[in-house]
């Protein structure tokens, strides 16, 4: 199995706030991430696809097609947007890095697995919120 | 002259919008940066102080004091905040990277020049909005 | 399973020297890393915690609590210190990157698994000694 | 198991072109990567070796020996070379990142497993073609 | 004066070879950079524009317009190309980093100074050939 | 004028301590940087040479010669060493980043200006002590 990886970037506003909980709970749990006027990040998304390279092309997936899928499914919907208010597939999802990366994985899985070599898989998605904080969703580890 | 440099980080939401202009003007000029629900960035600020190192300490400025000043003057006021709504010294300033970096320079100048060696100067402030976009204010070049 | 990651930094002196071996053995095996007057590094530690995000908070672990644990267990004990002489939990451990990362994993495991979601695990610890050299301890791969 | 990692760099020219296919097929499949006058990259190779640290040395593998092997097996053959024309062990291999990383893995496996601790393994090789595109070969995941 | 900066990337093949000199001279002077089958790099270009921010827009230059100019003048002509053979404005220029960055400056100067605020200047162009090697052309320093 | 830049790395131990001052003064002024058992850093040195490219070679200075000079004058003397105890040209110099960068500049000036084009100058030396802290010596700015 070979793993191919592609990074992409988007900038967005968000706020950690659970609307089913009290103001006090939200302030205590989320601290400054709960600030009502939003804050934001330069997110970096990294997509990992696994498969056997196609013998004709040498590709697990054409990385420019992979970028087009990330662009269409994630960047166009999230870039310069508010992740709590503006993104259809994040509706009702609290935008912690953990929840975002899982939502991005399932948003990308079907179109990527159609475009890659037969038997290829969306192996993992990683999301960097800052240079120091990140999350990864990978259903193939620690089952 | 020796130049010492210290980086710091903050995350904030903002929006490019000139309230004295029409909606059409704002959309045309700022494009997706005008999005009404805000977007955000992981800003990196880099502060450059120039001076002759103190013969006793070897310091132009103690970098931990420099960090405390950046923390007090910039990070506490801007981190996890909305740059259009929440920051006193940015009131009335359109938060383009150019305008932000100039405002940061003048916010930092006095406390830094008090804390550094005699004759030392706040030489420049740089602000990275993304990995690819940045601005710098330096009154000592291109006079 | 979602994996969350947090980076932290510390600066330390060390020396590779096995006191049970001769000077010649140490010089031959460790070369310039055996230098008697020490040398040092800017270490980057990366901690990976795995678990199902809490449905209320969206968190596998609050990353600021994770940082506090890394700070208390690793940074306060190792930063601006000598890893051969000053750190209680490294006593008797030869400070190769391999041995350090394993010691850091077991130093962090209990407090992190208490602070994260139920069923969560300290999945891996990575330690970068330089931009080019690193080690990782992960008991869940290659069993 | 502890994993040790070492990065190395080389610069090379290449071109994606399958000589068994028509010009049209090659242009359609590879786009600008098929340009006949070549293009090139600053490749970063990252080698991951897994094993139990030797109790005497604290090493899974001496990282300077690991670097010598990467230098001898990969860098000397590929640096400032044309990957389609100049490298013996890539003869007949279409130099996609996927195919390169797999060829590098098998080029490195034997000498590394001779030089590391008993039971140690070449766990994975990663190859960054650009800051955004990479591939990894690891025979121990997703079997 | 505020300085705004924008980075862009391209991948290209090149070779250092002075056709007016002998093979021996070229091999001695350029070493492996003279390899006849070419080699290549991931170049990073950084463009610095100086001016007073426009009071209406807050911009020295709209960074998306700046990117369009870099794209049109540099990236489209150089990306996935051979810098010795394929680029009109580099015809007859030996593609050392020094010569490239100077040629890029003059290729960019006129369109950028038309698109920026009145009195604005193309202050400098920087070109990174590798992570360790770079050149800068700036006509305003060291006159 | 074209500016060429070369980065190099070394790892070293040091301690901030002024032997002419009391223990109390040293502890108060330098805090944890005064720790008696040393600490250390991965230093990055960046050397900037200015000149008109040679018309035959296209070089201000051959970057591999520049690297050899940095290697001989700085890296061999400082790498895996103690900057307070082991380096001849730092004898009696308190190893703050400010003092180090100035000493490195004068250590490099003569051999670099002999090896570069006529009229070329060692323009600046930058020294990164950590990812966030750096100093630069440049005698041509802010005179």
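The first chain written gets the first letter, and so on, giving A, B, C, D, E and F; residue counts start at 1 in each chain.
Assume a residue touches a chain if its C-beta (ideal position, glycine included) is under 8 Å from a C-beta of that chain, and two chains touch if they have at least 3 such contacts.
All values reported here derive from a predicted model rather than from experimental measurement.
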Next item on the list: Farthest from chain B by Cα centre, which chain is it? Let me know.
Entry: D
Next item on the list: If you line up contacts by residue number, which pair in D-E, C-F or B-F shares over half of them with B-E? Let me know.
Entry: B-F
Next item on the list: Express in whole angstrom the distance between the two chain centres, defined as the mean CA positions of chain A and chain D.
Entry: 28
Check: Distance from the CA centroid of chain A to that of chain F, rounded to the nearest Å?
Finding: 42
Next item on the list: Can you tell me which residues of chain F touch two or more of the remaining chains?
Entry: 131, 141
Checklist line | Contact pairs between chains, per stated definition | finding: A-B, A-C, A-D, B-E, B-F, C-D, C-F, D-E, E-F
Notebook entry, point to check: So in the complex, which bits of chain E are touching chain B?
Noted result: 1-8, 50, 53, 56-60, 62-64, 121, 123, 140-141
Notebook entry, point to check: For chain E, which residues are in contact with chain F within the complex?
Noted result: 16, 18, 21, 29-31, 94-99, 101-102, 131-139, 141-143
Notebook entry, point to check: Of all residues in chain A, which touch chain B in the complex?
Noted result: 9, 11-14, 32-33, 35, 37-42, 79-82, 85-86, 130-131
